[in-house]
Amino acid sequence: MLEVAELDLGRAERRGYPEAIYCEGKTPEQVRAIAERLREAADDGTTTGVVLFTRAAPEHARAVLDVLPDAAHDEASRLLAWPPEPPLPTGTLVAVFCAGTSDLPVAREAMLTARYLGRETELVVDVGVAGLHRVLARRGLIERAGVIVVVAGMDGALASVIAGLARAPVVAVPTSVGYGAAFEGLAPLLSMLNACAPGVGVVNIDNGYGAGHLAAQIAAR
Amino acid sequence: MLEVAELDLGRAERRGYPEAIYCEGKTPEQVRAIAERLREAADDGTTTGVVLFTRAAPEHARAVLDVLPDAAHDEASRLLAWPPEPPLPTGTLVAVFCAGTSDLPVAREAMLTARYLGRETELVVDVGVAGLHRVLARRGLIERAGVIVVVAGMDGALASVIAGLARAPVVAVPTSVGYGAAFEGLAPLLSMLNACAPGVGVVNIDNGYGAGHLAAQIAAR
Amino acid sequence: MLEVAELDLGRAERRGYPEAIYCEGKTPEQVRAIAERLREAADDGTTTGVVLFTRAAPEHARAVLDVLPDAAHDEASRLLAWPPEPPLPTGTLVAVFCAGTSDLPVAREAMLTARYLGRETELVVDVGVAGLHRVLARRGLIERAGVIVVVAGMDGALASVIAGLARAPVVAVPTSVGYGAAFEGLAPLLSMLNACAPGVGVVNIDNGYGAGHLAAQIAAR
Amino acid sequence: MLEVAELDLGRAERRGYPEAIYCEGKTPEQVRAIAERLREAADDGTTTGVVLFTRAAPEHARAVLDVLPDAAHDEASRLLAWPPEPPLPTGTLVAVFCAGTSDLPVAREAMLTARYLGRETELVVDVGVAGLHRVLARRGLIERAGVIVVVAGMDGALASVIAGLARAPVVAVPTSVGYGAAFEGLAPLLSMLNACAPGVGVVNIDNGYGAGHLAAQIAAR
Amino acid sequence: MLEVAELDLGRAERRGYPEAIYCEGKTPEQVRAIAERLREAADDGTTTGVVLFTRAAPEHARAVLDVLPDAAHDEASRLLAWPPEPPLPTGTLVAVFCAGTSDLPVAREAMLTARYLGRETELVVDVGVAGLHRVLARRGLIERAGVIVVVAGMDGALASVIAGLARAPVVAVPTSVGYGAAFEGLAPLLSMLNACAPGVGVVNIDNGYGAGHLAAQIAAR
Amino acid sequence: MLEVAELDLGRAERRGYPEAIYCEGKTPEQVRAIAERLREAADDGTTTGVVLFTRAAPEHARAVLDVLPDAAHDEASRLLAWPPEPPLPTGTLVAVFCAGTSDLPVAREAMLTARYLGRETELVVDVGVAGLHRVLARRGLIERAGVIVVVAGMDGALASVIAGLARAPVVAVPTSVGYGAAFEGLAPLLSMLNACAPGVGVVNIDNGYGAGHLAAQIAAR
Amino acid sequence: MLEVAELDLGRAERRGYPEAIYCEGKTPEQVRAIAERLREAADDGTTTGVVLFTRAAPEHARAVLDVLPDAAHDEASRLLAWPPEPPLPTGTLVAVFCAGTSDLPVAREAMLTARYLGRETELVVDVGVAGLHRVLARRGLIERAGVIVVVAGMDGALASVIAGLARAPVVAVPTSVGYGAAFEGLAPLLSMLNACAPGVGVVNIDNGYGAGHLAAQIAAR
Amino acid sequence: MLEVAELDLGRAERRGYPEAIYCEGKTPEQVRAIAERLREAADDGTTTGVVLFTRAAPEHARAVLDVLPDAAHDEASRLLAWPPEPPLPTGTLVAVFCAGTSDLPVAREAMLTARYLGRETELVVDVGVAGLHRVLARRGLIERAGVIVVVAGMDGALASVIAGLARAPVVAVPTSVGYGAAFEGLAPLLSMLNACAPGVGVVNIDNGYGAGHLAAQIAAR
């Protein structure tokens, strides 16, 4: 087990944000070993702040909860956080816009990540471009936010539409929602990279964690 | 020369729409020979209706105009029509929405094709999604049209936005306008194929002729 | 649950066609909640016309039928419609041509969508290009239709062949039927986008719903 | 110069077909040196049969003709043959079907290659699928041929249509004719690889030489 | 069931080769119905020659064997043939070269197809390019064959190597054997399309049936 | 000319940032007309702040400078700005890291855009990952910056390396610098989207303007 | 069974390295038959050195262990070796750097292959670029190694970073670890092929065996 | 000019190999400035060993030769070296195999790079797989070499064939030689990555410099 993972416990100090454990591709045993080392580090006072476990399948979650039973667990977004309490929010508001119901797990991952990294968050669901009035009805939130996360699959058009309305920077998350020529998220990825309105930074397909992290950094000041 | 091209002069009767000559990949001599055969057919009374020459480079255009000096020539869209007079319009209105100035050649090709195939047309330029108010200001036209052609490069988001507002079917034309991850029109092509609003039929990248033809067929009745 | 979906109940009025619920990527619980809201809206008289549930897996179908037990359910195409009676047909005929038996689920989805949106439909199966005489034997139908939906995988050649014979516009649906270099439907998608006969509008791979919707719009007048 | 090319002069004996010199990517000087060595080999009686120079740009052609002034040169297909006389034809008929005028250079390359490799050939031009009656009018030739070469760009549908009508094997050549989603010949390549009728062997995009060679081998017996 | 499939029973007469039923994507019930119609046609004397069922999963095979219990069934290649006896071979020899053990199912499908279409066949296994001496040891067979089918995944190099040694035409079948940058057969597909030796016709990835059919046609005379 | 472009002069007020004119794909005449309208708007007092002309070829630049002779022109990045004076900087520092000399035009476009949008900027050149000590020598700047723009082609690894060291958000710009398997910028694009350190937002290939705009928004507060 | 596999038992002598059996795509029965032939060959004294079974699923492993019960089996990397003892190491040190825990199976396959081919090996885990200090802390090993294997998914940046620090050649193994725009390993593959530091040779995605083999060859002298 | 390039003059000491200047994408002025700094460093005694300028267009070459008139210049491979004398060779032999004449520029770049980095080299041209006897005739060289560089476009099969014969490691260089489905070198790149014989490390398409560098490192000991 010694060779499995070299935790970067000094990262919170170096980069200002805590470590996250990406569970996919790890065995439950490896995840459990990491959880144990985290608990030991916490007992020693080595780490500070919240640690996230992302993309945790049920068996990963069980391994974490066995070791850290008070961890918070959001099943939809496969996220665990420990300690379970998010810090008191600082910085500006992170608004998360979610195009369709199927994009919700990714949107929740973004929102929870930003929250656990210390930001106030607000989530709006099912505001796809096909019903433009739903977007326009949120102009107040668009103006109030310090950064906007847009989560959309299929045509990814919501990123362009919102960036065209916003003063704040937009973090765009393409999702693998869709089929056929969506090519597992390629369509919204390309669409967002080519957003006709400037002010859009794109993260990987389905990368709610990365979007929440980047949004938290942008909204820090 | 005999082996060059077998004109489908009966096509107007069979399909209801005249032949078009795609010039790209043909030598000017081949185009000239076709023009000559068309003039002969017209002298014999074999063909009816307008014939279009599409994607005509300047040397193609000169070859056509040498033989058919009264042909109409739109340089921006590289289109020639002969005889030069479009027929009296029938059917419903074909509205062409063009996202940006750079998309204009393709949009004009679509508009002129529909017009020469017998439809009334209206063209709106520079109504990209980045400035949504420009689109919303055209709601009257969107409601009035029998079919809407949307021409857009980059994110191709305009197709989704307009389809979400329209009762009429939308013919979407992705363009090669853009760079980098637009991949010569792949980005708007995929975006339009994944339009989150139903009612969108997509044609090939930069295919203004095909869009105008399809729109004319849809607006025929 | 409140954050799950914001139904666009005014869409029938705005766009002239009712809402459809895309089930893939939604949990059965989310689909059930939507069905309940629809029933409430119907009880309140808020919605009009038929609502479709598309790409419903068996567990989605059960959730819908629990709430709306009289919904019509076509298992092959994974479609449910409620209320179950299609409206009386208006407009012109929607003809659906299906290249092979394996394309049938998509073809049925197109046909049923058009029917529930108020059109008369006719479906022809197994008319692939490999046996051209089967296509040629349907020339009567090709001439009679107001719009033709072509459903084909593999080489997608049927779209070109039928468009070359038809006066009516063609809506082409590539399917993921095939293997290897069909690349999950990419081959017929590209083939249809490059149809050598004009008059073809393409929808997403396997998108029977979108094709039926577009065809219904085209055949409306 | 010694390190430039090691001619495979024994190939005619080993494989039964003579060497061809692919000029693209070679300098005119390199091509000239090869021509000189060929002439020397002929003077020595080392080689037998015709040698082809393929994809010869005008400067390549000049280099060849300087050394071998009686070489036959077909400018459209960029092919040179020396000695200029094709052998007396043996085997069965090679029929070449060319979908559009723009595909003609590739079709001629296929036809001439087969002819110089000793087959009788027949070329039909502009028989695209959009005008199906043109194909059907050639059923006699389709039945008479020992092998059929189909040259087509865009949707590549002609290969499927002809294979569905023929008893003879079909050699399909996708061309880079087209634009946008034809992706430099990818669309007809995939279409032909997925031909719904069996009996189709595909060669590289624009590879008229390879198609003519393969057809000559098939028609040898 | 009536709408399921329109069997092309006249195909044997028209093209000279019998129909094959592609099972993938069909339900076992659909396959059973086709088998029943075939048996009825045989009882009526309508069809002649062998019919093949390709890509038959175990449940498809059971459906066929229920109706046609004497059908021949090769599990490795998922092929069934009925009647079970191949015709007496005519024409020249079809040699099938298989690069690795994992390519064997596809190679067997090619060999059996050619055999049931009336050719003599010979299969050589595990002659990959990594051990060139194994290929060179088969030069006698390479010279004796009327057509050679090469089945290979990964680098697909065997097609080039054998075509460089053979007088006979080569039918190349890329397989999905491999991983990573083999991209489900894309690597050998491209490699074979770019074979540096002429005389190679390529079929779809894993398309043993198509390769056997084409080889049988080539070897017919 | 009237139909060419509908300037979004209210954008500065709506989004907080001025309009930019993307010159590629526009004719010099169209660019000149836009410049004239801008000058008129400035005379009328309709616009506020700087307007940028991006991707201006020499002929575009001449057209702008004819109308607005005092415009600032950076030839390397093909950028023009008018009025030529950038505003007094506000917000935090925008640091631009440029991996190689060939990436410099894109890096300068990013830097100048941020400067004209009101930020203080600092540019570091030739700090590729191959010489890691050059990056590590800039740790002071990495800590001081409010946002970091990373411009890199080829492997795009600089984005990951810097994000792993920084507290500030990173805007990553892949460039088309490279050849072969860089696929016109696809390699660094994918690499940056998959940066193993969180906190990276990606813009389109070669999109220095978009990166500078996004960085200016992030550094605003 | 006779047709299944033609073992290349002379390969150790010809190439200097023993045969490996790639289990994926083989049935357990085929693998068992190979194991039996190996044991017979060993009994006869025909083979020398270790034989590896790679990518062995549990059922493959059982088949091998049934026949060769003393074979060594590393479950994580799905590798079996027989005889189980690696040879005494010769040549220089093979250092394996593994970017993340999820890349460990591939890294172990590389390390074990090199060890069984006769090299001393050293494995370092979890030294991703996001925490650069972990890489820099291994400079001693980087200088000491005769060849370095770098195993990384996602951005693949570790290969560039280590090559920029090393005098020894680097063998880079992209892995399929990641999601979305990692496209099953395409992102690190392209990144490594475009490494900005020279001295990197790339093997197939997840090809730990190939990397270990190549490294063993390089470190032989 | 100060911001243009930060030369890594300590690289020879750190990595053991001198710096190379990649000219593509640099202006001639930038290349000249670098040449001047190199001359100054040489005058100061700061650098040691040869410096290479790669991918130098004629205007780059003139800029270098203006400043360093005694530099060696190989026009075919666009390489310049200064000082012009390669070091006395150490280590083992680097053998370069070049599949076709068109691949020669890349092969020469590899050979010259290895030579200037201190190795003995030997170049063999036109040994494509289509004429296998040419490869087999070089078995002596294959056995004698310490490392083998294989340069091939199109099917890239030469890498597999040679690796299957060699004890030494193979560095494979795919080239962009070919057309159509060679996709600018993608076909040989994938083929080489999937070489069925182990012992192949692949570099970027057309990357002769990288191959020569890696080969020199491998052959160092």
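We call the chains A, B, C, D, E, F, G and H, going by the order they appear; numbering starts again at 1 in every chain.
Keep this in mind: a contact is a pair of C-beta atoms (placed from the backbone, for glycine too) under 8 Å apart; a residue touches a chain by one contact, two chains touch by 3 or more.
For each chain, UniProt lists the protein as follows: A, B, C, D, E, F, G, H = Nickel pincer cofactor biosynthesis protein LarB.
As the structure is a prediction and not an experimental result, all values here were calculated from the model.
When the C-beta pairs in contact are tallied for C-D and for B-D, the bigger tally goes to C-D. Between D-H and the choices A-B, F-G or C-E, the pair with more than half the same contact pairs by residue number is C-E. For the pair subunit B and subunit C, the distance between mean C-alpha positions equals 27 Å.
Centroids built from CA atoms put subunit H at 44 Å from subunit A. Touching two or more other chains at once are residues 100, 130-131, 164-165, 180-182, 189, 193-194, 204-205 of subunit A.
Contact between chains, using the touch rule, shows up for A-B, A-C, A-F, A-G, B-C, B-D, B-F, C-D, C-E, D-E, D-H, E-G, E-H, F-G, F-H, G-H.
Taken in their complex, subunit C has these residues touching subunit B: 14-17, 20, 92, 146, 164-169, 171, 189, 193-194, 198-205, 209-210, 213-214, 217-218, 221.
Listed in rising order, the residues of subunit G touching subunit A in the complex are 100-102, 104, 123, 125-127, 130-131, 134, 177, 179-182.
Chain contact summary for the complex, subunit A toward subunit G: residues 3-6, 8, 11, 22, 24-26, 30, 174, 176, 184-185, 189, 204-207. Contacts from subunit G toward subunit F in the complex involve residues 99-100, 128-132, 153-157, 159-161, 163-165, 178, 180-183, 186-188, 190-197.
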